[in-house]
Amino acid sequence: MIKPTDDILSEILEEVRPLIGQGKVADYIPALAKVENSKLGIAVCTNEGEVFRAGDSAEQFSIQSISKVLSLTLAMCLYKPEEIWQRVGKEPSGQAFNSMIQLEMEHGIPRNPFINAGAIVISDLLFGRLSAPRQRLLEFVRQLSGNSHIVYDKVVAASEMMHSDRNAAIAYLMRSFGNFGNEVIPVLNNYFHACALKLSCEELAITHSYLANKGVSVETGQKVLEPNQTKQLNALLATCGLYDGAGSFAYRVGMPGKSGVGGGIIAVVPGDMTIAVWSPELDESGNSLAGTKALELLSERIGRSIF
Amino acid sequence: MIKPTDDILSEILEEVRPLIGQGKVADYIPALAKVENSKLGIAVCTNEGEVFRAGDSAEQFSIQSISKVLSLTLAMCLYKPEEIWQRVGKEPSGQAFNSMIQLEMEHGIPRNPFINAGAIVISDLLFGRLSAPRQRLLEFVRQLSGNSHIVYDKVVAASEMMHSDRNAAIAYLMRSFGNFGNEVIPVLNNYFHACALKLSCEELAITHSYLANKGVSVETGQKVLEPNQTKQLNALLATCGLYDGAGSFAYRVGMPGKSGVGGGIIAVVPGDMTIAVWSPELDESGNSLAGTKALELLSERIGRSIF
Amino acid sequence: MIKPTDDILSEILEEVRPLIGQGKVADYIPALAKVENSKLGIAVCTNEGEVFRAGDSAEQFSIQSISKVLSLTLAMCLYKPEEIWQRVGKEPSGQAFNSMIQLEMEHGIPRNPFINAGAIVISDLLFGRLSAPRQRLLEFVRQLSGNSHIVYDKVVAASEMMHSDRNAAIAYLMRSFGNFGNEVIPVLNNYFHACALKLSCEELAITHSYLANKGVSVETGQKVLEPNQTKQLNALLATCGLYDGAGSFAYRVGMPGKSGVGGGIIAVVPGDMTIAVWSPELDESGNSLAGTKALELLSERIGRSIF
Amino acid sequence: MIKPTDDILSEILEEVRPLIGQGKVADYIPALAKVENSKLGIAVCTNEGEVFRAGDSAEQFSIQSISKVLSLTLAMCLYKPEEIWQRVGKEPSGQAFNSMIQLEMEHGIPRNPFINAGAIVISDLLFGRLSAPRQRLLEFVRQLSGNSHIVYDKVVAASEMMHSDRNAAIAYLMRSFGNFGNEVIPVLNNYFHACALKLSCEELAITHSYLANKGVSVETGQKVLEPNQTKQLNALLATCGLYDGAGSFAYRVGMPGKSGVGGGIIAVVPGDMTIAVWSPELDESGNSLAGTKALELLSERIGRSIF
């Protein structure tokens, strides 16, 4: 096994850069569509606290669905396991991230907390137990990232609300099955704010360092989750974290991970390191095209994989 | 991390034994229905070649879908990756193991090689390239297990053929989409023979030891797969190996694995050991109820998990 | 062919009365659940203007989905055919009346105007072109029924709004596909008011007399639709008017018809007469159990059927 | 109402002829693909026994799925209603004619006898009760058509068997649910022979004259079905006879009917006449494009419609 270095990361970025132009930047809201497609960054945070980086690793971007990991982590701190898992499953969906077909057939219980329906249930849980859930999540991220200036991108959040019909349909469908406890619109508003968090690759790797470190933040030493919970969360990421591309991602990269349509991906080598990568163009499953390839190369180059 | 021992394995079996009576023995063919539900065995084969065992670990049983791992391994030896993966996917299905709904919607390309449709495609591949595929698979298993007396259970194979309508429907549907190269009945016959292999827990753990040992059989020193192929196969097992229960299995056990309706499960700790467990009663997803619990306890007790 | 008489209608009611107790009154809202299950009425309005009746034919009840015929009729008066039929189909759904599965697979275009999704699209159309759509529909019904005291049951309408999550999900899903032009909540409010119209069997038969009379109201002589439009509407009723029971209804009764979960059904013998029947208990498809049987007997007794 | 004449029929054919070139000849088997797309014929058989005709009305073609009406008629003569309708439904499918999705969800009970699955069940019924079902069907058609030279097109039947994978999948799926009583291949062979019957428009109109004439053949005076059975069969044709285009056909043409992928359609005006039309190019639902238009024009021109 080889230690990651800034040079290795730089080499990898140059190898994947030719892929830019072959994917497609998310364009369902204008705020995402106008991001420069040539952005490319990567960062690694080891359990020893070293951070390696290359490319646009310090530039903040919209983390989108990566926020589903943070929301679930918060919910796991606030609720007993059975309170969560009676309302959302732990299985891959085998369907598009926003499909309602399975949700109807399975009576309003989403397959897992990383598809939209499942993450909206988690938002509903946070809404039900926290007095100021949006502020709480922000503090949580600021603390874990070590950057007290992290903010919600208000333009992105507002733009998501303007295009929220599909997610409103999902929430109302769950409500019709009794799997939703609050008003739909305020919960969606919080959900979209979480998606609109802006972090850089470095901040993402540091923020999620607890996933590689048995639940303890490498940055702050804070115990975020129990070791057992951390394993469980990584297991969910490995089977459900990459939309309908989790199998291919495991086959190619071999690490638990979570992607967002902003082009970011985080990946975890348990016991070792957390990685974040960013390239806005997406493949057909909605995962960063060059980002996935960079993780695949890194896995080979430094000999890390859970398999 | 604690080394497994016969005693630890025995303790675990006693802890899970009370679960017997809460599951359901597969009964779709008489040969499986009449297996004693109280059977319970476990075996571990470490990469150092040690074998630990407890309970009915030396008694042979019908491995059923665990054979899908062996068939895929053979296919990976015979075909280039793209020849396999253009005919079968690498994603979890999110559906029952024998559902045809997704297969029709995805134009006859099965989701992965561990659901019935995918394994039948793999059988079709083996049929197309081997002159005596049934004999070849048997030799392969005899060699890897170190037991030259391993046989197909002819009664089980014949009984499966008598109840093969659903699998025939699956094969014909794939053929209608051009994803089947041979006659349906002979291919199914081979497929059912593979399911009818009889091995004990000890033989299963030893046979699959290459999965934990970078592709090299611990028993024979034979290189079965390349290290990279072995990682890929483990990745597929982790995301798709437990029917529609892969997510829960990862969450609870944290190891790549493959189950069969005969009540057997194999599980892999890459770089470390292979485990086989047997208890005939199944849970709602079709996975061994006490077997899954035994693996969960073992994972906790000896501190092994890929997450 | 035999002329219907009050006596024939009375006899039929007595024959079907024993069915009461074998169905199930709709109970998704309290206002419907508390209707007496023993209510039973029937009325016939011939093209000559005669009205025959038996049982509780003068008692008003919640017409529920029968209002979908009136709303579509209004829309056909206000819009060109292509404006309607590009937004909603003309085919039976083969699914439950409130399923979202097909709606997602067919990109937000409902199968026909008599399932919930389709009727909500029609409400959206009416909302878009009328300044006071709710008042306009009420006037339309008052005029056609000859009863200026017809009202919306405010309790039912409010209760429906309280249980509107599924329909809100349907509307938002269509909006996400661009097949919805207005705000969801106000359109749903109108939709539920239409469902909450209260009419008796006699009023229903008279109101819908234009369907049997080439588009001209037997009551007022008013031309409601063109003859060609009337045929088209009857064709839609015959293939799509009875939820997922249109085929059985055609097989047994042989008339175009429309049912509501309040237990009412209207049926049309083109060129001859309009019939309305009421019995609150429903069969498994959601159609009045005794009501359907009464229509079947009437069809036999007076020798009327379109087949 | 106007009486049909040869001249009216000729005029209609000239009006629809420009549609030729806008549809698509069925090409899944070579024998159908090579039919001249410019063929165009129509025939009417009145209950008085008059036959009117125009165009290629005397040329025989492959009647394909129109044979499903004849097979069902035979089955209705041989079996009690409940023996048939417990094995096949009476509802429109809302899906493509050869879809297996609904068939799996509804446990192997086909939606109606006019989709492939349903017609294969009917073939299975005929196979179970007749000693020579293929010969019996041929005699039935020869008798009803008044042409003792009607034959099966052996080339078409053989070609269908060569492309029978999808239908074999459907049959095996039903068998896996216990809804199939005989061997799959021989039943399919009979099914394909029925599809391979060759009749002209004139022969089709005469053969099906019992549908318009309360069950009595206009040609032979033979009582084929009871009046009540005839109504029921017409009802099934109206709701399920045009694949997933029954609603549009009812809306436009307003007659019970049945189409085949050979480009033929029969339509019934109960109490009045039977019509057959032929033009090989199909629309997107698989129904004859010019044929449907010809029936629509005829309905307008002579003022016939069940609505």
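Per-chain residue numbering starts at 1, and chain names A, B, C and D are given in the order in which the chains are listed.
Quick note on the criterion: contacts are C-beta pairs under 8 Å (C-beta built on N, C-alpha and C of every residue); 3 or more make two chains touch, one makes a residue touch a chain.
Small disclaimer: the values here were computed from a predicted structure and weren't measured.
Enquirer: Report the chain whose CA-based centre is farthest from the CA-based centre of chain B.
Expert: C
Enquirer: How many angstrom between the C-alpha centroids of chain D and chain C?
Expert: 32
Enquirer: Please report how many Å separate the Cα centroid of chain B from that of chain C, as a whole number.
Expert: From the centre of chain B to the centre of chain C is 55 Å.
Enquirer: Which whole number of Å gives the spacing of the CA centres of chain B and chain D?
Expert: Using C-alpha averages as centres, the distance is 48 Å.
Enquirer: Name the residues of chain C that each touch 2 or more other chains.
Expert: none
Enquirer: What is the shape of the graph in which nodes denote protein chains and edges denote touching chain pairs (line, ring, star, complete, other)?
Expert: Shape = ring; chains linked end to end, path closes on itself.
Enquirer: Per the touch rule above, enumerate the chain pairs that touch, sorted by label.
Expert: A-B, A-C, B-D, C-D
Enquirer: In their complex, what parts of chain A are in touch with chain C?
Expert: 99-101, 104-105, 165-166, 168-173, 175-176, 180, 184
Enquirer: In their shared complex, at which residues does chain A touch chain B?
Expert: 89-95, 102, 111-112, 230-232, 234-236, 238-240, 244-248, 250-251, 254, 256, 270, 305-307
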